[in-house]
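Please read through the structure below; I'll follow up with questions.
Lettered A, B and C in written order, each chain numbered from 1.
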Amino acid sequence: MRKAEFVMAVVMGIFSLYLMWKSAELPIGWIPEEGPGGGAWPFWLSAIMAICCVMILVNWYRRKTPPSQSDEVYMDRGTLIAVGLVAGALTVTIALFYVIGVYGAIPLFMIFYVRFLGRHSWATTAAMATITPVVMFFFFDIALKITLPKGLPIVEETIFYPLYKIFL
Amino acid sequence: MADILLQLWGGFLVAFEPLNLMLVLIGCTIGLFIGAMPGLGSVNGVAILLPLTFLVPPTGAIIFLAAIYYGAMYGGAISSIMLGIPGASTAVATTFDGRPLAKEGMADKALTAAAVASFVGGTISVVLFTFFAPPLAHVALFFGAPEEFSLMMLAFATFIGLGGDDIPKTIFSICIGLVLSAVGLDIISGEPRLIFGDIPGFLHGINFLVLAIGIYGIGEMLWTVEENYKAGGASMLSKAVVSVQRTLANLKELLGTWKTAVMGSFLGYFVGILPAAGATPGSLMAYGVARQIARDPQKFGKGSVDGVVAPESANNAASTGSMLPMLTLGIPGSPTTAILLGGMVIWGLEPGPRLFTDHSDFVWGLIASLYAANLFAVIINVAFIPAFIWVLKLPFTLLAPIIFVLCLVGGYAPTQDMHDVWLMLLFGVVGYLMRKLDYPLAPAVLAIVLGPLAEPALRQSLLINNGSFDIFFTRPYSAPIMITALVLLALPLLKPLMRLINGKKAKA
Amino acid sequence: MIQTKQKFFGLGVAVGLGVAAVGLPQAAKAAWEPKKPVEFVVMAGKGGGADKAVRLMQSIIAKNKMAPVPFTPVNKPGGTGAEALVYLKGKKGDDHTIMFTLNSFYTTPLRQPGLKVNIEEFTPVMRMAEDTFCLWVNSDRKDINNVDDFVKAAKAKGNGWIMAGTGKASEDNLLTDFLNSAYGLKMKYVPYKGGGKVAKELAGNNADSTVNNPSEQLGFFEAGKTKPLACFTKDRIGLFKDAPTFKELGKDFVYFMQRTVVGAPGMSDDAKAYYKDLFTKVFNSDEWQTYRKKKALQGDALTGDDLMNYWKNERDVHKKMLTKMGAIKG
């Protein structure tokens, strides 16, 4: 935990400096008779962020906050696997939106989560993997007319064109 | 007075035509569900259903849209309480206490409180609307950039002490929210700024919803995944029960919060009228004030019913309030009213100072329908509570993937841009890692809501006044607001000082 | 299915293929129809003037069943249209994406050459209207009744005279610069978010003058809160008979804002013909004509090469104005 506190403060400190540098693309000073320039707001706030990071590091050094005192492991192996699997699955799902679309990726995510993480029966899994996209299609694409990503054109042309014909 | 009552009676005759009544009912129900979806709020609901309303006459159409607006305001609380994900910025404050209540197995109490408070807020504000519309519209007109900035300062000030005990981390969180809110176009100089790696997706800025769904949705769920793992797969998202006895007991307990509800309603209504931002600052300020005046402020943030009642009464009151400048001045107080306004124009109802005289049957029909919408919305909402509680009883491993899917789609729907979905995932993971180290994240979400309102207002004011700050203290509406804000900001600093002085005296 | 055929039938008549031809295979081949919901990109945020117009067109199409699929508005307000332009550019060859544009269609690519957007690549569909601009002051200013009074008052206040507008280097900014140079003024330009907000700042006396579109000030004008002094049009606007044009006042300056539908680059000819036909119907609909009258919109329907030539001409005009203003280097 103590190590993580240090690393996070350093990373966020560097991020703050990056934001300051990036904000400085626009004037950060005071323009006479006009007020602050376009970069001033983010620049000075990022500067405060950087100062906060230094203060967090001071607190870390003096062991004043709970995370800087704790010797607990920040993320044990099991947690890392449990959380990592979910975060990884989400990443893959979003990436698949581009290829097989929301309606292809969501059922796969459901199968992965319900069957392999949740260890539910195949029947439950199948129900979840079919009901979710069907409800979503009718709610978003048909009722609300929010077109969710369909992936590659070939997917849309073969599967969704007939559906549009029927329901739109 | 008698005049107004007579017109209101005429309005009720319009609102209670069977077709209009049915439209209110359908509108409230649709709005409730749209509002309950994370990512979709009243803006989406009204915008999306706008073309549908061509099937009915103009008055009915606007009544329908207003009912959706109302329903969505009620519905916003549902995802805030049940999932901890605010569906819209107006419902952020509801998560602060609604979510802890749900976690302690009192989701039914929180949902009932939200529904009833919304009803109180909605009704009080419609009554205020009925009797004091035109004079207040006049005030709204004079509300310029300096007043807006003072109001934002006041909103921030009521929130002092919201974060954790770790002051540097709290300030860091506020600042990162404000900086992220600056991404996109700087409207004063017309230049794009903080466009990381020239990715076009950053040009539209970072939507509040992306951060909120990222942190509260993905981040919170990853946190629960960890807890679930540590508890050996036994944890539930919320322990939840519902029964008639419990509901009655809840209602009885709610009677004790009437002061908060009334305060929230008035505050929400008056902030809502101001053409700055609509319901969000109103609900945040009501929460802040409720905590300041509460007998047990330390309970706030840990599951106080007052903490649900205050923002919910205020955001509904404010949504009525924001219709006032829309109808009388043609100025939308919120994005939702902007679309309602567009709808009215399409139907040839030109909003503006003359609407009340030229189309008085429409105006009064709309006002009367708001009374009806409130009543329907609270009934529908309370009726659905058992269904919502039932959903919460699903095992975590079934509920979790559904919530993740809602988050992904909720991140996509508002802008229909994949860029935002990736950004949301990033915020979720980073938010989760930061939360493990006690970084408070609520201040960041608040800051990204208020930042885009505060910064341009500050710079416009300075531009108008040749770069001098005295403009905030010389204008009749701005000065008292700004001074109150500064006093509130100074209070936490003064308190220890006073204690120090008093302590020394006592010693001496 | 039956419904689709009926619409298809109607379409055949409209494009003038003749009733007899409909139903024959070659006719079916000629008339292209969208197969999925058409994305209607808006270069501005929800609730703005452009957004309202798009939602009106969407409603007209849906109400009169002019198309077999819905048109779904997608707002891309980022970077004064930069986001929308880049997005549409990336949709090369797409027959299901169209966009509603304003004058930022010319100014944004000129100001941000890094976007590498060449507007000549886009497919012209139809100009639906041109919005007009007038110079407005608050009605409380009894001392200002014409442009001469205005110039006198603004001169006296120097750079303390506040002109509210919709953004840096926007249409309003160009007009402010024109007024400043034409009359030797030093008005201070303060950008706000959206024309409605600008109009309200004037009505609330938080700004001294604006160059709003008539539609934005109409409500306040009718309530007697604001008044137009002169308009940047060729002829006087019917709604404000008393306000002269700047041309009458000896300053030959006419300025419009296009409200045009444009298609993705490299759109197929069939799709081009389809949208042209569809928006002709929208243009001629009662709803659109009423809207045009109410909002004091001018400009006829313009399409195909004429529209492209109009764009090229307007772009050159804007290039000159922006160069003069110092926003871009010649």
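Criterion: a residue touches a chain if its C-beta (ideal position, glycine included) is under 8 Å from a C-beta of that chain, and two chains touch if they have at least 3 such contacts.
Everything numeric in this text was worked out from a predicted model, so none of it was measured.
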Of all other chains, the one whose Cα centre sits farthest from chain B: C
Most centrally placed chain - per-chain CA mean versus overall CA mean: B
Which of A-B and A-C has more C-beta contact pairs: A-B
Roughly how far is chain B from chain C, centre to centre by C-alpha average, rounded to an integer in Å? 33
Could you state the distance in Å from the CA-based centre of chain A to that of chain C? 37
So, in whole Å, the Cα centroid of chain A is separated from that of chain B by 23
Where chain A touches two or more other chains at once, by residue number: 33, 145-147
Interface hub residues of chain B, defined as touching at least two other chains: 188-189, 191, 416, 463, 466
In chain C, which residues are in touch with two or more of the other chains? 70, 159
Given the complex, residues on chain B that touch chain C span 43, 47, 50-51, 54, 141-145, 184-185, 187-192, 198, 200-205, 275, 329-332, 335, 338-339, 341-342, 345-346, 348, 350-354, 415-417, 456, 460, 463-464, 466
In the complex of these two chains, what residues of chain C are touching chain A? 1, 4, 35-37, 39, 68-70, 72, 159
Where on chain B does chain A make contact in their complex? 34, 40, 44, 48, 166, 168-169, 171-172, 175-176, 178-179, 182, 186, 188-189, 191, 193-194, 196, 218, 221-222, 225-226, 228-230, 395, 397-398, 400-402, 404-405, 408-409, 412-413, 416, 418, 421-422, 425, 428-429, 432-434, 436-439, 455, 458-459, 462-463, 466-467
Contact set on chain A toward chain B in their complex: 1, 4-5, 8, 12, 19, 22-23, 25-27, 30-39, 41-42, 45-46, 48-49, 52-53, 55-56, 59, 65-67, 74-75, 78-79, 82-83, 86-87, 90-91, 93-94, 97-98, 102, 106, 109-110, 113-114, 117-120, 124, 128, 132, 136, 140, 144-149
Where on chain A does chain C make contact in their complex? 33, 141, 145-147, 156-157, 160-161, 164-165, 168
